[in-house]
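Each of the two complexes below includes subunit A, the first together with subunit B, the second together with subunit C.
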Partner chain A sequence: MIRRLWALSRKELRQLFASPIAYVVLTVYVALTGIYFFQHLVSYNQLLFVYQSEGLTAGGFDQGTVPSQINVLNEVFVPSADDFGLFLLVVLPLVTMRVFAEERANGTDELLLTCGLRPYEVALAKHGVTYFFVLLLLLGSAIYPAVVVLRAGLGLEHLVALYSGQLLYGCAVASLGLACSSFTSSQIVAAVLGYAIPFVLLDFAWLSNTVSESVAAVLREVALLSHYGSFARGVIELRHVVYFAGIAGLGWLASVASLELARAR
Partner chain B sequence: MSAKIEAQGVCKRFGKVVALDALSLEIAAGEIFGLIGPNGAGKTTFIRILTGYWLASEGDVRVDGLSVTRQRFQVQARLGYACEQPKLYPDHRVDKFLHMMGELRGLAGAKLRRATDLAVERLGLGPVLHRHIGVLSKGFRQRVALAQAILHEPAVLVVDEPTVGLDPAQQIELRRILVGFKGQHTVVLCTHQLHEAEMVCDRVALLDQGRLAALATADEIRAGGSLEALFLAKVGTHHEEAP
Partner chain C sequence: MSFLPAAGVVMILVAVGSYYATRSLHGFSAFSGANLLLGALLLAVGVVAQARRFRGFSGAESRRVVLRWSASLVGALALVVGVDVAARGWTSRIDLTLDHSYTLSEQTIALCQKLAQRGGEPIQLVFFEDALLAKDVRLLVAAYGDRCPAVETRDARRREPPQAARDLYTTTATTVIACRGDVCDPVGYPSERNITSAILRLSRERPVHVYFTVGHGEIDLASESDTGYAAVAATLRDQGMDPKALVSPAAPDVPEDADVLVIGAPERDFLPEELAVLERYLSRGGRLLVLADAGQHSNVYSELLPRWGFVLDDSVVLDQAASPLLKEATPVNLLVHLFAPYDPVTRNLSQRTMLLFPRARPVGLGRKPQPDDKLAQVAFASPRSWLSQNLARALAGGELQPPAGAQTGNIGVVATGRFPRGTGEPPAEARIVVIGDRDFAQNRLLEALYNRDLLLNAVRWLGNDEQAIALTDKGWTPNQDPLTLQQTVAYFYFLAFALPETLLLLGIYAWWRQRA
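Let's look at the complex of A and B:
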């Protein structure tokens, strides 16, 4: 089974990088995260300058003293994590839309599903390679936060927590996109669904005033954002890890189910 | 290295459309068996059920006594399939593609190398081995599809419309290759080319509207004139395709 998975994964990697989409998405994501991280860093530096200048002129603060809540974690890392999460939501469906839908449209799924491969193996390889691509995206964008961590002495644990959260969140979003792709032969339909479902799941705050408190509490637990925020603050909580792993697992199961359902069409 | 195939009351329905209607037939081990019929007769549907790609609505197909419905993966391990209009990966090189398909079939190491070398030799793929599938002619793509299907020395080889779109020289060459499989594999050949079925097959089944309209051996076909005569007698020329 391992050999088959490895062969399938190599095929998926070859197909992924044979298309310009992977390179465009990588470039755009790394550029966007770099620009926005730099902007937050500039804003933080301006804030420091303002506080320190006030200390000199109005006597409100002494030079060098800044309120404790104004720190690189709150001013740079937390808002950057929100931006990065949104960017993942924007770019990932562009990658996931092709994965199953193209195979079905070209008829190559017939080749795979008649050569003795189990549908769960096909889905496992496709999900695994897409998660690897998410990891590549994150590694590309990690250089700026890594420099800040080293320069600000914030601690490696913040960086590890931030990127663990992003990886889990990215895999969950990718998994939903892959599940959408597995139910259609149209890449456009897969992309639209791949955007719609994670965006709906992102946050249910807009519904909180129209539903009962108990329903609102459940919706809060279901929302992606409720589980994403704490990672940026340097905390890895098991329940959030389980939530994202659960979403990724459900996406994989949906992909397997779609391959089996197609057989009984 | 060949296996018997038995189809018993195989039905396939797509909503209200009946693609296969209680089809029963037996294919002996080692024979080249042709499936002919007009468009929509159920040939490709039967092949997709035989290969485990689709599930029959009713009935079952057995390969070597194994049920396609219940033992799909064991059946697929004994089966090679070259589908219609070869569905391959154009961005793969021929050698890499065959290597990958061998690995997916569970071959490895020296066994895999031997299997790919043999398939390349049998299908004459040497000149295009390092070329991308996307730039190959239809004839060579068809050969690549056949090569991946025979890598694991399957007991049953299923070939769907292998000569569609090929020039006459390629058709003749491909038929020669198919005839070469006789005795080594049970070959199920689905084709629209009546003369091809006549030349290559030991027996031919004529399907019409999902049912078995006729079943004849090569000798019976010759005795009756030609396969075309049989086709005209059973189906006619103004066949309406099922909606």
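Let's look at the complex of A and C:
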């Protein structure tokens, strides 16, 4: 099984990097994260300049002292992590839309399912390769934050927490996109659904005024955003890990179900 | 017919998007609502219309597959939602912040355990999710809920807070309000120190009464200036203590309810009757904190304290390890970093948690008044320190090196004494703490380094209030200036232009190869 999975994963990787879309997505994501991280850093530098200027004591015990709340963690990392999460939501459906839908449109899915591969193996390989691509995206965007983490003395553990959260969140979003792709032969439909479902799942605050408090509490627990914030602050909570793993698992199961249905038809 | 579900999805997206774009103005608008309803309707109609495609599953085996996988998906979805909702109560977390910002300190845990052992009405931490700092504080409040059995956390959005808390929640600047029964106390900046202080205030059965002598040029607790001492009074009140003035010339005795008496750097002599009052107070087991300072002359230093075994030379401690934190980084501004590790007054102070002592006076030890008395120096200037008799020259920055023959090395600047007195059971014990500096407690310096900890540790030890040893905000702050603007721009060029450019070129190459 491992050999079959490995062979299928290699084929998927080749297919992914043979098309320009992977490079475009990498480019867009790295550029967006770089620009936004830069913006936060520049704003932070300006804030430091204001506090360090002679005319402002800012509550310190000597002139030019910067309050400890004004630091790179609060001013750069936490807002950047929120931005990065939204950017993942924007770029990932562009990658996931083709993974299953293209096979279905070309009719190669039947070939896959009749050459001895089980549906769950096909889904596992495709999901695995997409998660690997998410990892690549994050590595590309991690250079800037890593430099700042090391220079600011935040500790590499903090970076690990931040990117663990991003990876889990990215895998969950990608998994939803893959599930959408597996149910259709149209890449456009897969992309629209791949945007729609995570976007709706992002935060149910818009529904909280129209449903009862108990339902709103459940919806809050289901929302993506309520599970994402603590990673940027350097804390990995088991319940959030379980949530993202659950979403990713659900997406994988939906892909398997879709392949099983296709085979049954 | 596949147009219908696609249109439905687009309308739902517009509904959610318009909500996010305008929620600060008017929440969920009619436009968003109409789009949501119509979108859901179109989606439902589209799905029903598409259902006829399922006619392809004609055989019994096919239908079984459809049923099995549909049931599996619904079951898995229910399982994920169920586990997620149930996991709200899971408290396992790994705090990877460098200073463990979201892990409660030993002091807080010890206080929580004491409160749990004592029983009684629990303390509620009411947390306001819509407050400005809610995102920053949520994890910390959750840590109290997890680790403090005597503390309940309550999300104001989920459970109605007590009326007193609702009354205090006047602005979104308030994030946490601590309540016990009907009594509520807002927490200022919601740090662990402030939340624990609020818990401490509410849990006290009676306040610790701290009397400050006045009338001899002592420190001014009312002064808000940089060199005033209003911060001392505010800090004590923040801890649930009650600072009061004692006009000693007019008082025949120290009040009965005095837990601690503070003589804050007197510049003039006490009357003989006043010294007699102090002697009587100490002899019956009184608790005294004396702040001394270089260049001051009072019979408290020359008569009272020597009788209890403390020696205060009329000199100033200078140290080459002067503090760079003050503009005038002269040897007169000491960084004190050597401490007796097990003494309650210097507990938690170490080489990493230092004190800033400008113009300190040496505090030495003489003969013990009685054999059972215990005297100890608990904080020292560095081995490179020395004593100077010429304060004016030292203050002017004229003495940068120890002169030949000067006393050098590990000069004590804080000392404590325990004096068992009387025959009661348990026997009364007088306690004295002498701190050879008053400036460390000035408004501008009390929050510098760990100065506040020393003051609170001393008062708490004297007031038998050791359960509430000083708790300082986590001392670590990230390097506030990690990259210069030039470095920021250099990295920006690489990451926002050079790297994306390379990736894009690779993409063009992949596209070209695909076409070829």
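Definition applied: the second predicted complex is superposed on the first by the 254 of 265 C-alpha atoms of A that agree within 3 Å, B and C clash if a C-alpha of one lies under 4 Å from a C-alpha of the other, contacts with A are read in each partner's own complex, and residues count from 1 in each chain.
Note that contacts are C-beta pairs under 8 Å (C-beta built on N, C-alpha and C of every residue); 3 or more make two chains touch, one makes a residue touch a chain.
On a predicted model such as this, the values are computed, not experimentally measured, just so you know.
Asker: So in the superposed three-chain picture, is A:Val148 touching just subunit B, just subunit C, both, or none of them (first/second/both/neither)?
Answerer: second
Asker: If you stack the two complexes on chain A, which partner ends up touching A:Ala196: first (subunit B), second (subunit C), both, or neither?
Answerer: second
Asker: Look at A:Glu237 in the shared chain and tell me whether it touches subunit B only, subunit C only, both, or neither; answer first, second, both or neither.
Answerer: After superposing on A, A:Glu237 lies in contact with subunit C but is clear of subunit B.
Asker: Once the two complexes are aligned on chain A, which partner has more residues of subunit A within touching range, subunit B or subunit C?
Answerer: Larger number of subunit A residues touched: C.
Asker: Between subunit B (first) and subunit C (second), which does A:Val50 come into contact with in this model arrangement: first, second, both, or neither?
Answerer: Neither partner.
Asker: Just checking: does A:Thr108 make contact with subunit B only, subunit C only, both, or neither of them? Give me first, second, both or neither.
Answerer: A:Thr108 sits against subunit B, while subunit C stays out of touch.
Asker: Given the touch rule stated above, what does A:Val215 touch, subunit B (first), subunit C (second), both, or neither?
Answerer: Touch partners of A:Val215: none, neither subunit B nor subunit C.
Asker: Which partner chains sit in contact with A:Leu117 here, subunit B, subunit C, both or neither? Use first/second/both/neither.
Answerer: first
Asker: Both subunit B and subunit C touch subunit A; at which residues?
Answerer: Touching subunit B and subunit C on subunit A: residues 18, 263-265.
Asker: Enumerate the contact residues on subunit A facing subunit C in the complex.
Answerer: So the residues of subunit A in touch with subunit C come to 17-24, 26-28, 30-31, 33-35, 37-38, 41-42, 45, 48, 61-63, 66, 68-74, 78, 140, 143-144, 147-148, 151-155, 157-158, 160-161, 186, 189, 192-193, 195-196, 199-200, 205-206, 209-210, 213, 217-218, 221-222, 229-230, 233-239, 242-243, 246-247, 249-250, 253-254, 256-257, 260-261, 263-265.
Asker: Quick one: in the complex, what on subunit A touches subunit B?
Answerer: Per the stated touch rule, the residues are 3-4, 6-8, 10-11, 14-15, 18, 106-108, 110-118, 263-265.
Asker: Would you pull the subunit B residues touching subunit A in the complex into a rising list?
Answerer: It is residues 14, 48, 51-55, 73, 76-77, 79, 81, 83, 85, 87-89, 91-92, 100-101, 103-106, 108, 148 of subunit B that touch subunit A.
Asker: Touching residues of subunit C toward subunit A in the complex: what are they?
Answerer: Result: residues 2, 6, 9-10, 12-13, 15-17, 19-20, 23, 27-28, 32, 56-57, 61-62, 65-66, 69-70, 72-73, 76-77, 79-81, 83-85, 87-88, 90, 92-98, 101-102, 135-136, 138-139, 158, 189, 325-327, 444-445, 447-448, 473, 477-483, 485, 488, 491-492, 494-497, 499-500, 503-504, 506-508, 510-511, 513-514 of subunit C touch subunit A.
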